[in-house]
Amino acid sequence: MGMTMAEKILASRSGKSVVAPGEYVWAKVDGTGVFGPIPMMEELGIEQVYDTARVYAVDDHFAPSPTVERANAHKALKDFATKYGIENYFEYGRHGILHQVFPEHGYVSPGDLIVSVDSHSTSYGCFNAMGAPIMEELSFVVITGQLWMRVPPSIKFTLAGTLPAYCVGKDVMLKIAADYGTDVAVYKSVEFLGPVAAQLSLGSRFTMSNMGVEIGAKCAIFEADDKTYEFLEGRMKREPQPVSPDPDARYEAEYTVDCTNLEPMVALPHDPSNSHPVAAVESERLRVDQAFLGSCTNARVEDIAVAAKILQGRQVHPDVRMIVTPASSEVWHECARLGYWEVLSAAGAMITNPGCGACPGGHLGLLADQERCISSSNRNFQGRMGSPLAEVCLASPATVAASAIKGYIADPREFM
Amino acid sequence: MQTTFTGRVWKFGEAISTDLMVPGSKVLANPGITPEEAAQFCMSANRPGWVDQVQPGDLLVAGTNFGCGSSRNGSQPLKVLGIACVLADSVSRIHLRNAVNTGLPTLVAPGISAFVEEGQRLEVNIVSGQVKNLDTGKTLQAQAWPEDSPPFQILMAGGLDAYMKDKVRKAGLVRA
Amino acid sequence: MTIAEKILAKHAGVDSVKPGQYVWCKVDATSGHSLRALELLGVDRVWDPERVFIVDDHQAPPPTIEVANRMRETRRLVKKYGIKHYYEYGRGGILHQVFAERGMYAPGELIAQGDSHSTSGGVFNACVTNANMDAVHILAFGDLWFRVPESVRVVLNGTLPAWCVGKDVILKVASELGTDYGLYKSVEYVGPVAAQMTLAQRWTISNMGVEVGAKFALFEADAKTDAFLKDRVTRPYEHVTADPDAAYEAQYEFDLSTLTPMVARPGDPGNGVPVESVLTEHVKIDQAFLGSCTNARLEDLEVAARIIKGKQIHPDVRMLVSPSSQEVFGQALKAGYLEILADAGALVEHSTCGPCYGGHMGVLGDHEVCISSSNRNFQGRMGSPLAKVWLASPATVAASAIAGEIVDPRQYL
């Protein structure tokens, strides 16, 4: 009987030839990420993690420490990594957002099961892996290298037609959230297939897998292809075991998203599903105070490249503050090399160090009362990026850049 | 503004910086903090618990370069805690102006730290600059401001806020 | 008269002044941190909106909602009072650098502005000092009272060795004279080494003027001063030098020819010792900070890049790099310095005061040790009161970041 991608991965990792939705399995985990020590190990006197090469540690939410308490927490993570021989510890300056850093260092391979801290662990799906977020159970995974999973039903999104040049994965995802709602994929494995899935850059697929959690998904998987291997070649630590759905795989639901007439989208407050074509809201002249180009969703080299192209020779609007927070040290370095920082800096944007930054409202650019931010990140719930009286609108990097220039939410096509 | 202060002395050492009076990581990192909350962190690094012992009317004596460092207003927490007058062997000039503007009499009194022990009582006249140690009977001359100098006038008015309110009103700058 | 006496006399509208005198002086510029205080007094205009400068630097971009709301207030006040020189983050940086870049200082001027490191402006042969609460008086009336300070002279003789910079000079001077030799004085730095130093090196010394208690920390002006100010200051100005018969309370002479790189031991900027004297202690560091208004200009970043190029930051060390302004950030990018530092594993931040005063962007935890290019190392300065901060030149910071412990940069230069 045919299996979907998630079923194949869970079958493989639980030593079974076949699994079906609803079944409970014990699965071996290929890798996990931590951003703090695991107290249970001390408490129970456990002397080692399940595999020092498969536990990854980075402090990304508050990088670098904004308070003494965070500084002590940072040190606690470093000490934990040292004590338990976790080689994959990324200190500031060689770090980045967890979900960016781990693939950069080859800790994700096609066919992997990655069960890790932070909701955006669904990101790994773009590498044809099953990436599922956990929190409290982290101790169990770190110690045993296994986790029980209930095999999720799979749903399929066929991305059809051709994606216009001015749209990216972010626009597709905001359209899906608007049309299908943020609970369409609750406890499902989402598969993105079809011609546009193949057309999308790896970065765009990352955005879509990343925001899988925003539509409720357990995981959000793409097939592997040349683009996947172009990135992973020379980085992968493990042999890839790519998966594709069987022709007779069974899906609980199947949706077709025609991308041909897609336009740049914007999610208005306070939910990613409140998305509309930017062109439809532009006439309202929704003033922005802050433009944020950051987060694991859209702050890779290709995202920054788009913004740099639009801002070349232009200025950020005098009433707007633009903050650019790249997803990792590697991205920072590449953007410096390619000259993007010079362009953005000359335009009046602030280039910060890599990290999660303003996205979760931790530090590095919080919003004041009554302010509005246009952001390349993934969530715009009330209070997400600071004051509960502020508004966050989500969009693609191009839309963020265009809005930064105009001073209101603007369609980027005039600049593309 | 009172001109004579009598009270029990708390003694501090050399180079008591404004970082100690207004810790950056506790106070500056939280701009919504009230003066009363901020005062609780005063001297918390070098003398934890002191804030709970200070009584209104007490005096503070210190060594050289009191108030060195940043331009944070170290006089404000001291005033909130009830310190009535400060004397030190020397005082950072930024801190001295902040003290004047806060309305907390702060005198440069070379030799004061050798002149009095903690727990003893002093009587200070900020007009004449005379300081009397009520336990030893000895007197010391501190540097008083000339009575016609602006810092003296601002201090006597109770601080910059009162001084400015009066001055802008007289200058006709206040909106109707 | 000394330099300060001349400048104060001119701004008081009198022929001469003497130390100890109280005078009211017209002030050429101030910063806008007291606009809210002015508003609360019911005054709806400043004396001259073109002479008020504001930059949000200590907590930019905001790490908390409270700070964000405070910045929003600043923007409202800027609009209300028609303040022209407001530099939002992304176009700003640390105020003392940004204000200079934007032409706030010129030789012969008198400026009183926020933040203690206002003495930095003295490098431009101007009397620049701190006005904290006093700034509200300047905003309303355009003048302020001053007590004319005594002047002292520090004569910097000899030739500065190539491996030393202004930071080493001031750490040496402060270690010998103490951190209060300038207390309520105007300090003039003169002599062949003053002339030999680059503007940036002199700038470090003026910047740390407050660390030695100074009211003003002055240099004479020369071609290097004019070269920086060209295209930034369009108003006329005149260099001010002291009269040959000017009276100084004290004069100190130093021969810098045998100077070696210095570090200030934790606790006080006056704890300067030659770095070679601490080598046997093998002081391991957790953090290296190259930033602040003291030492994060282009040439500071250049020397760090030169030392670090092709090497890696020690695995146990976090190196934070923050250029002193957006302009310097852009120049350092163009020159490739930031890339070299990032390549070695340094964390390149935007321009911020953050780590220097323990506000954000790299606060120290308990028992951590930091070597820093900044200006203060009092207990608790950069975060935890249990942390220790050593002050040093950019070269010493960079070298130590590679070694993982405090080392002499000469082996790398």
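Each chain gets a letter, A, B and C, in the order it is written, and its residues are counted from 1.
Keep in mind that, in the parts below, a residue touches a chain if its C-beta (ideal position, glycine included) is under 8 Å from a C-beta of that chain, and two chains touch if they have at least 3 such contacts.
As the structure is a computational prediction, the values presented were derived from the model and not from experiment.
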Remotest chain, subunit C as reference, centres from CA atoms: A
Chain whose Cα centroid lies nearest the overall Cα centroid: C
Separation of mean Cα positions, subunit B and subunit A [Å, integer]: 54
Subunit B-subunit C separation of Cα centroids, rounded to whole Å: 27
Centroid spacing, where centroids are CA-atom means, of subunit A and subunit C in whole angstrom: 41
Shared interface positions of subunit C, touching two or more other chains: 63-64, 67, 358-360, 363, 383-384
Of all residues in subunit A, the ones touching two or more other chains: 66-68
Two or more partner chains touched - positions in subunit B: 25, 29
Contacting residues of subunit A [partner subunit C, same complex]: 63-68, 70-72, 74-75, 91-95, 316, 318, 321-323, 329, 332-333, 336-337, 341-342, 345-346, 348-354, 358, 362-371, 386-387
Touch list for subunit C against partner subunit B, complex: 22, 24, 37, 41-45, 58-59, 63-64, 66-67, 70, 114-116, 130-134, 136-137, 140-141, 145, 147, 179-180, 183-184, 210-211, 213, 215, 268, 357-360, 363, 376, 378-381, 383-385
Footprint of subunit C on subunit B - complex, ascending: 15, 17, 19-20, 23-25, 28-32, 44-46, 64-65, 68-71, 73, 90, 92-94, 96-98, 101-102, 146, 148-151, 160, 164-165, 167-168, 171, 173-175
Subunit A contact footprint on subunit C (complex, rising order): 60-65, 67-69, 71-72, 88-91, 286, 313, 315, 317-320, 326, 329-330, 333-334, 338-339, 342-343, 345-350, 355, 358-366, 368, 383-384
